[in-house]
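Take this structure, written in structure tokens, and hold onto it; I'll ask about it next.
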Amino acid sequence: MRQALEGSQAIAQAVALCRPQVVAAYPITPQTHIVENLARLVADGKLGCELVSVESEFSAASVALGAACAGSRAYTASASQGILLMSEVLYNIAGLRVPLVLTCANRALSAPLSIWNDQQDSMAVRDAGWIQLYCADNQEAVDITIQAFRIAERCELPVMVCVDGFTLTHTLEPLELPSQEIVDRFLPPYRFSRGLDPLAPLSMGTLVAPEYFTEARHLHHEALLAARQEVEAAAADWAAACGREQAPLVRVDGPPEATIGMLTLGSVFGTLLDARDQFGGPPVKLLHLGCFRPFPTEALRAACTGLEHLIVLERAISPGADGIVGAEVRSALMELDHPPRVHNFAAGLGGRDVPLAIYPRLLDAIGKPHPRMSAIDLRPELLPDKAHAAGEAP
Amino acid sequence: MIEIRIHGRGGQGSVVAAYVLATTAIDVGRFAQAFPAFGAERRGAPVASFVRIAATPIRRHCQVAQPAFLIIQDETLLELPETLAGLLPGGGIVANTQRDSQALSDTLGHPVHALPATRLSRDTLGRPMPNTALLAAFLTLTNLLPVAGLKDALAQRFKGDVLARNLDLIDQVAAATPAGLWQERAHATSA
Amino acid sequence: MTTRTLLDLRLNQPRFQGMEAGHRACQGCGQALAARLVLEATGPDVVVANATGCLEVFTTAWPDSAWRVAWLHSLFENTAAVAAGMEAALKAQGRNTKVLAFAGDGGTFDIGFQALSGMLERGHNVLFVCFDNEAYMNTGVQRSGSTPHAAATTTSPAGVARMGKRHLKKDILSIIAAHHIPYAATASVAYPADLRKKVRRGLQVDGPSFLQIHSPCPLGWAHGSELSIEVARLAVQTGLFPLIELERGALTGAMHIRQIRPVTEYLKLQGRFRHLFTDDPRAREELAHLQALADHNIEIYDLLGNSPEALDTEGADTVRRGGLHSA
Amino acid sequence: MPTMTPGAFAHPATSLDFKTGTWRTQRPVHHLRPAPCHSGCPAGESPRDYLARVAEGNLQAAWENLVAANPLPAISGRVCDHPCETACNRGQFDSAVAIHNVERLLGDEAIRCGWDYALPPLAADAPKAALVGAGPAGLSCAYHLRRQGVRAVLMDRLPVAGGTLRMALPGYRLPREVLEAEVARLLAAGIDFVPNMALGRDVSLAELQQDYAAVFLGPGRHRPRNWDVDGHTPRDLHPALTLLQEWVAFGTLPEIHSAVIVGGGNSAIDMARVLARTGAKVHLVTHDALPGPGVAREAAMKVAPRDIRAAEEEGVILHPEHGVYHIILRGEKVAGVELVRMKKLALGNGRYEVVPFEGTETVLHVDQVIPAIGQEVAPDGMESLLGKRAFFHVDAAGRLAGHAGLFVGGDARQGAWGTVSGAVGDGRRAAFAMLAHLRNEAAAQETEIAPIGLAELNLNYFEQAPRAEEVLLPVADRTGCAEIAQGLSAVQVAAEAARCFSCGNCMACDNCWTLCPDQAVLKTRELAADGSHYVIDYDYCKGCGLCAHECPVGYLAMEVEPVASAPFASCRTEGTPLDAPVLR
């Protein structure tokens, strides 16, 4: 039933509905409210799980790994610097094919230090071998968190649910929370085939020599690619269970005949929807990439057929490269007969507000020469003079 | 869609006020959104929080740049230029102050409704928490949402004596505030 | 006779102002006060490695910085290692600029402990200062290894099932002392002269030194911003936060308590212990537990002074007309 | 508009651009308040301030501060009943500061070193005033008039100045050489003294009022009040004052074996002690109570507790809260007295009534009764003014209603303190009233500000420290006029000054400067305009209240932040010079 909930509160309730048995909690803005709400549920006896208040994110991921291997459904949450601190463990968890769910409350990376929202943290660990799902709003944050547990446990791969810090975690919105019965029917009790069991004592995390390493990595890669079907299956089953339409890989909103597309990840998608209504102009197809790993190549090709221009609006910059999502979108669309020209921009770095007015600016920018990768909302007046000049089109 | 900005100081419950107002709207079947100006609220530092209320789902996730109304929890904030920045022409201000509404309206160039929320809350709640009184005045002035909705929203957060005192405070303020004075202004901006 | 401007007066204060006004700390912040007191004792010839946390956030909101000393913030968990690197470099260059490491209790007891232990074991000539406000305050009062037993935080709330933090406050000083470093001590903002003396002792020793400064947080401990010193003083006078000095692992100094106060006098001023004053039997049990912990400290550190001394808990903060010129 | 720097580094102390003062909802303010020792002193001294000078080692500056109110410290230091010590906040902490000993030492040092009263030279056309009676009231009034540049012509019917001090105070309390030295120095500083000039005999009041625009009357009380019990008085009744004056002048006393002295003032106690020295068995009966905590000043004996103790040590038997019910006569000779318990009860309108209690009668066999129940104004020369009354009815400043230009002070006043400090205070207040009269301006109203209490001090910052007690002559040696109280040494006085809490005024202890988390309190070497040693920088003060809470002396108080009338009042930038704290 419809409730007014802050994003973090809703995520915590969703996690609780999935009956986690071990939760590793460590505070970091803007994720802290999630673990605070879980701690409140435990302290009030409403959630019977082991809440482990660890001393750092490195240990938060390690505790979750240990718990999942030992046969319990494990959960943790973090952001920004915390994600980097635990990155060594993240690669380890994926390589060990251990199922667990982590919420990443997206926040910029230091240096320079910022506590505000962008997606450089989850993008920085895109090669860790995790499934990475992005939420456009807090309703998706609830639904995708619940689906994430089933996806992880069926694929035996860890799932990172990415939610924009502050703009979603600290925003109160009307949300639907499913009943415990619906979640219990959708999500069976935790079972991990390779769990540590004295009766079937497997050895996990072995040393693999050159003769065998490639095959191990290949299996991991295959599993991740196959996970696309599981992401879609989970979305379909969950839509049937809760009655809300899901758009797991790529959400498309706009007239089929549109020749201009605009693709983004996270909460900016809602702002673009409102902006298109407000500013009008040429027909534009708005795309939201709900799943970044595994990269939904076929789904993207289908969505972009017929487009002449595709604006990719990223929320992070890889210094020295031609964009992150933009580069992957270009390579995915190359084999199309008439691939659209990809215009790659970043916006809202370090929490800068992305207003509705970004929409006309983007449409205007594709008509003029622009660098292969640049921040559309850069403030040149803040730059020292010589760099300012270099900022012009090459 | 109506956009409202609430100004206070760290520790004065500005974020709670935004959440309560949005919860009230959602409970009576409207769509709403509330969020704090994201940053480290230091006790005593000026902070702001935002509320959007509309008839259709609110999909955007960005700051409120041109609010239709302001709620000022601490009158000393009226001295900071950024407090009134972007307020729509004719945008109403509900201010927690002992000073006279008309005098403030002339000075600030916007319709102001002044009420001594700190004193009222100290007398009725036993501690200086101006947010409930200011919200009650705002809803009475604009008829944006039924005051009864505000009471239900508070019932979700408080109980027992604290709730009873808050409800009593709401009735006091609603009775002393000209109902519907800004109704058409609230209507005009919600188109 | 000239009318001096405020700024002219500010730039000619008799003590070194290592941290300037205009930082964004909350009203009555114990940590802001402690940091400035430390730098008054060290003077300007220092380099500071600062961990993530309140102190770092409220002093360096670009483009403003409150620091007048060379200062670097890297991450939350690597402060001691960064400081060790600085010390090695300065040694290589033959410069005797002192290296300081600043961290909160989270950055010392928990996430930064490994790097700290490494730095101590390798004997780097660094003074590591832990500003202990007993929880993760920058992220909004979550429990840390330093949070006292039974204190309520947002991640160790006083709920139906539990009365605040279940575990005990980590005895960090004993663990640090077990590294057999030349000097480790505790200090409090309620005794500034004692604090500055211990900073100077830390700087004089050759090798690592550690100072844990009790720094009240009006927001997190939930007391009035004007009570920070009173609360800090009671923490010492009740025995809950003993002011002691350890050299090479042995206890070599302690501020004796002239008149021991019951722990309730300290606890009742703070909202984080409010749940201990309900008529719940577990609350009474926790109060007795905290009193026992205080009595234990008094016993093992021999804190009870048998006769009034000039530098015991009543004498150390006695004021003199014209102020304490030397301390 | 800042320019982004590589790695976003920041320059030192740039936080000064961010004025956190806008966070305040209350602000700390320096609040100079009177200390209880000032409010308690009838002479208007401010011991806290001269104790501060003593603590700083500047005894002359201390004396100069003291004599700004009371020109006779060497005398009052010895004989005053020091209400300042009763009021001292430190009394409720461990023990009051020995203020009277400090005052005595300063007075003695001034005499020893010849410190100058530095009275301003008189202008040729300076207004002049006449003063009748060279007792403490007259001397003080003349001195204060001269400080204000008025020529003071002080006359007394006796050949020497001093009044009651000279005539009635025994040497063991006030040594003659101290009295004469201090009075002489005061007169030499610029007061025209005219001895052997009795009002009514050598000059008339009318003549004075003709020659002088302002006349001060300080005749004191020198006519013993008649005393009787049911109309009976023994034949050889000697009032205490006359016996005392005879002893002080010639050292002789009539032959008395045992006596009852009736009265609770200084002359009663002195009479008892002088008589006890002759070996007589001496009782003192008074309806006053013994002074002490909880005893109202009006109901208590107007004698310093140390003098009461000394009297008991010297054998005087005290009967407080008693009265003489009958005198038992054999013919006209006294054979004994019948005593009864009595109590001075407050009537509620500030007046007191003496109530005897039937059933508590006792008999004392003595051969003499000596009344010491105070004196009245000798009316000679002032009959028209006094009429049938025993004292002059004047307002606080000594103005006599209906007689512009006529002022009265000292013991001659109805409701007088009956002490030296009271008389000195009367003289000072009358002087300023006369000055206003001479310049025909409205007299300034002395507003009474409540003194600062113990609760407003932060006692964590003070340590228990015993009070220095002066040595007294052993009882056996208290024979002649040798001074009994030996006073304190300079070292002991310095220690006492260090014990002073400095209530309500900054003692530059550095607490506010040391404990401000925002570096918003700045220390000044010079004295700031408001007399403190610290300046609060309201650009940055966040109003947390720490400095006010930790100020040991209650000099800092928090007040609600004044909301500027016009919004967007610009904050002060650091370049502009200060307005309040101009540094001298």
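Labels for the chains are A, B, C and D, by order of writing; each one numbers its residues from 1.
Keep this in mind: a residue touches a chain if its C-beta (ideal position, glycine included) is under 8 Å from a C-beta of that chain, and two chains touch if they have at least 3 such contacts.
Given the structure is predicted, the values throughout are model-derived calculations rather than measurements.
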Quiz item: Chain pair with the most contact pairs?
Solution: C-D
Quiz item: Which chain wins if you rank chains by how close their C-alpha centre is to the centre of all protein C-alpha atoms?
Solution: C
Quiz prompt | Taking each chain's C-alpha mean as its centre, the one farthest from chain A | solution = D
Quiz item: Could you state the distance in Å from the CA-based centre of chain B to that of chain C?
Solution: 40
Quiz item: If you average the Cα atoms of chain C and of chain D to get two centres, how far apart are those centres in Å?
Solution: 49
Self-check item: Approximate Å spacing (C-alpha centroids) for the pair chain A, chain D
Solution: 82
Quiz item: If you average the CA atoms of chain B and of chain D, how far apart do the two points sit, in angstrom?
Solution: 60
Quiz item: Among the residues of chain A, which ones contact at least 2 other chains?
Solution: 29, 112, 115
Quiz item: On chain C, where are the residues touching two or more other chains?
Solution: 24-25, 27, 57, 62, 138, 218, 225
Quiz item: At which residue positions does chain D touch at least two other chains?
Solution: 2, 8, 20, 23, 542-544
Practice problem: Between the chains shown, work out who touches whom and classify the graph as line, ring, star, complete or other. | Solution: complete
Quiz prompt | In the complex, chain D residues that touch chain C | solution = 2, 5, 8, 10-20, 23, 52, 55-56, 460-464, 498, 502, 507-511, 513-520, 522-525, 535, 537, 539-540, 542-546, 548-550, 552, 558, 574-578, 582-584
Quiz item: Of all residues in chain B, which touch chain C in the complex?
Solution: 10-11, 40, 42-45
Quiz item: Where on chain C is chain A touching in the complex?
Solution: 52, 56-57, 62, 73, 75-77, 109-111, 113, 136, 138-140, 142-145, 154-162
Practice problem: Over in the complex, which chain D residues touch chain A? Could you list them? | Solution: 1-4, 7-8
Quiz item: For chain A, which residues are in contact with chain D within the complex?
Solution: 111-112, 381-384
